[in-house]
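One chain, chain A, appears in both complexes that follow, with chain B as partner in the first and chain C in the second.
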Partner chain A sequence: MSTFEFDGAGIEFRPGQTIGAALVAAGQVSWRTTRVGGVRRGLFCGIGICFDCLVTVEGEPNQRACLVVAEPGLTVTTQEGTGHEHD
Partner chain B sequence: MTRAVIIGAGIVGSACAEALTRRGVEVVVVDRSAVGSGTTSRGEGNILVSDKGPGTELSLAELSRRAWLEVGELIGPSLIELEEKGGLVVAQSRAGLEALARFATGQRAAGVTALDVGDPQVLEPRLAAGLPGAVHYPEDMQVQPVLAAAALLAAALERGATFRTGTDVTAAVRDGDGSLSGIRTADGQVIEADVVVNASGTWGGEVSERLGAPVPVLPRRGFVLVTEPLPPLVRHKVYSADYVDNVGSSDAGLETSCVVEGTRGGTVLIGASRERVGFDTTLSVPVVETLARQAVALFPFLARVNLLRVYRGFRPYCPDHLPVIGPDPRVPGVIHACGHEGAGIGLAAGTGRLVGDYVTGARTHESAGEWAELLPDRFAGPSEQQV
Partner chain C sequence: MSTTDVLVVGAGPAGLACAATILEHSSLSVVVVDAGHGPGGQYWRQPAPAVGADALDPAELADLHHDRARFDALLHRLEQGRTDGRLQLRSQHHVWSAVPDMQGYAVHAVDRGRGPSHVPGSTTVARALVLATGAFDRALPFPGWDLPGVMTVGGLQALLKAGGVVAGRRVALGGTGPFLLPVAAGLARHGATVVGVYEANRPARWLREGRAVARNAGKLGEGAGYAAALLRHRVPVRAGRMVVAAHGADRVEAITLARLDRAGHPVPGSDQRVAVDAVGVGWGFSPQLDLAVTLGVDLTPDVAGTEVVAVDDAQRTSRPGVYAAGEVCGVGGAPLALTEGRLAAAAVVADLTDGRVPADVVSSARRVVTRQRAFATAILRAHPVPAGWADRLAPDTIVCRCEEVTLGAVRAAIDERGARDARQVKQLTRTGMGWCQGRVCGYAAALLSSGRPGPAVERLVAAPVPLGTLGALAEPTARPSRRTGISDDAM
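Let's look at the complex of A and B:
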């Protein structure tokens, strides 16, 4: 199986699977913290509407994990707050 | 006790409900849908003096600004996200700066605080470099319109007002002498009232016809772009000096002038387009592209920011760009409070005060004074004026 990298660890995925689906299948249910309360978040609606499952992909924050299709070698990282704090 | 039915639970109807219950009037608010479900939830929450030249609308904006601050004290400013953040109007050319400076001079004479800013980046560090100048309006404010409408309505309900959702008004009920005794709803009920307030926003024209006191209110479509949440990078309501010209324009075609502001939630809102296309809700990609391009010209960092979504709404405009506020002599008991175009949030609190005065008799059609220009009579044709 192909893998992408999540916070340094390898995550296996099947062709066509989204980053969010692969993370949940690997037992990872949260991958960002909220902007105000710093609370952990993962999939909620799972269909691109709620913007709860945001994650940083290849350094680009605020990608919806439930919509971005996994690719071999992608670098995915937990997103803290807006993901733009360095700006 | 006077009993008033308010048609519309948008920001204006809710502000009227709060103002009327404060004066001891018995209030029933009706809406065919939910609180703030029309234009109230489709704007940006502007409480502006900056885009208004001297005249009745500016006077109403100043009255309304003070009324909003009092509403903030009543409800708690943070609950409705009321922020005295100030506006910054940015010129993008030398000619634009000269026109803006003339406009600001007139406003200062009318009591507006308008401060010349040589280097706009001092107030907004993320603005593009090299812009020729700006005017800072510290009195401009922002509010979250749906929270504000709900809080105003809740304050009225606490004082004994009632609220009926899913209620479509079909007609005014009149006594033998022609004066109003209530309204009829689509399900055949009659709600008794001494006074009916038409606070139906963009649908105020249609409602006014049903009441037998027609006023011309038409839709002017606008889109707002919403970015991903960001740290606070835009501090003021920042808009291009073109905006003032576009607000007052009567051109039917598409007009766009950039308005950029941050929200408490972190998203940045980008407006403002103006089109007269009826109630067509179709997404226009060219309008979105134009607004985005204009926003990036003001704030280059936005080029790297994702848009999450686009929403649209319909501003209620009257042909002369003034709201219609006051008693309608054609149907005694009908008071209009609609047609605020893009300024309805800002003007709502003051509109509530005026309507309160008219309902209690503290002000009458004859004693409208400085607010006479807002009365519905101004639309009447020659034959109607003789009646």
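Let's look at the complex of A and C:
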């Protein structure tokens, strides 16, 4: 089974799925906190329009989980705020 | 930079049909640029191409595409074009700008298919430009709509079509329009318990649309098919209901429904709470007009007041060399988009070559477009946003999801500082100024401030572009820079 890493845990996915689809299939509904309210967000529009599903992939913040295709061994982390706070 | 005779933006039904028809009836070269992982658009959305024993097989999801044969035929035609060296399909390319050029139109795109840290740009100059950019779900705010697990109806559908994933075990659908039905049927077939489809409008509204319905009998059969599927899966469809709130701590756990009166306002005391772990709400679709607006082509309002691209009966826009087909000309569904794509192709072939698409093909396509446009208009009239959509919003309800602006702040801008349209609301509150550039909240901001859908918004950069990619464009000899540290993407 193909897996990528999300916040240190293995997420199994089927090749062809996006990171967002794989996370939802694994029971995750959110992988970001907002800049102002610090509330959790996940998929909303699902097609790259709304930017709610932003996530950090391989250290690059602000990636749309609904668009980035899952690949074995990727490192995905929850994005807090702008994703740049720890730079 | 590369050149082509025709550049088609969008590989959904309209763009694919346009490209295929041009290949069939001319020797023109065609480039199709599309943001998806492969051709199909939203309608024929597929999993990303993948190999391996555990890879998602599109065949597992074939039941979600009731006219897959037509898609396959188009793909076959495009494959021939590719073999002949006349067609290039550039998937995962996000067009961020289309501007006039000495030779026609220059289209700038970024390639998002090479991983998050390498986003190269490309420029293609074309003699003719076809806008087939489609549409996206129209959302309206309600208390709790920013909870994880609340999505658009199209978002639920995309997750299923491309990922093979049902968003929850107990799913509710709300909003308005015929699109709710196929999504509910697909979710039920793939294992979700669809607790209800809550259609804001009542079927009686369709009685006024008898003529458009009679001329499009096939649509009735399609609707009956979904109704039968929903009956089989015991999915209740309730008309005159609206999702007025979503509840939960870190994710949606329940929704509140209200009954709407004949004028479209929630009836006090009619609330009903339903446990769910996912909900999709959609109020129709907004055409993706970003490129059309910056190109300056004429727009025209549809019957609901939403601006769409104005085209003549050959799909020519007001700007020579720019054509439009499909949902950008008014949301009307895939069969209409396909036909408009073929008509646009006929106009391109007539304008750029000595050849012609056969007259009988063109005249029959025009008849289909006229008939189906009438049906699309009937859908808009039968499925309006209810007058009372905002009655149950609270001062702390988020309106702008990106900038986290509340209704209270928006109302203060309107009531105390005199904002009269979405633009003024944006200037005063940052509503629509974030990542999505108002694509999600702009419609609501316009309704709240002016009482009607606002004019199409100009977005000079239609998709995020990494600053390094922009820099490389400005200085052709420069190497793409690494991250700037300021911001990953320029809006």
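Basically, the second predicted complex is superposed on the first by the 86 of 87 C-alpha atoms of A that agree within 3 Å, B and C clash if a C-alpha of one lies under 4 Å from a C-alpha of the other, contacts with A are read in each partner's own complex, and residues count from 1 in each chain.
Keep in mind that, in the parts below, a residue touches a chain if its C-beta (ideal position, glycine included) is under 8 Å from a C-beta of that chain, and two chains touch if they have at least 3 such contacts.
Bear in mind that the values here come from a model prediction, so they are computed numbers and not experimental data.
Legend: residue contacts after superposition of the two complexes on their common chain; A:R35 is shown touching both chain B and chain C.
In the superposition on chain A, A:E58 makes contact with chain C only, not with chain B. By the touch criterion defined above, A:G46 lies against chain C but remains apart from chain B after alignment on the C-alpha atoms of chain A. Contacts of A:L67 after superposition on the shared chain: chain C is touched, whereas chain B is not. For chain A, the partner touching the most residues, choosing from chain B and chain C, is C.
Look at A:P15: by the touch rule set out above, it reaches chain C but stays clear of chain B.
Under the contact criterion defined above, the residues of chain A that touch both chain B in one complex and chain C in the other are 35, 51, 61-62, 87. By the touch criterion stated above, chain C contacts chain A in their complex at residues 35, 37, 42, 47-52, 54-56, 112, 115-117, 136-137, 139, 146, 148-152, 154-159, 162-165, 167, 250-251, 401-404, 434-436, 439-440, 483, 485, 488-489.
The touching residues of chain A, counted against chain B in their complex, run 35, 51, 61-62, 81-82, 84-85, 87.
The touching residues of chain A, when paired with chain C in their complex, are 1-2, 14-18, 20-22, 24-25, 29-30, 34-37, 39-52, 54, 57-63, 66-69, 83, 87. Across the complex, chain A is touched by residues 228-231, 233, 266, 301, 306, 308 of chain B.
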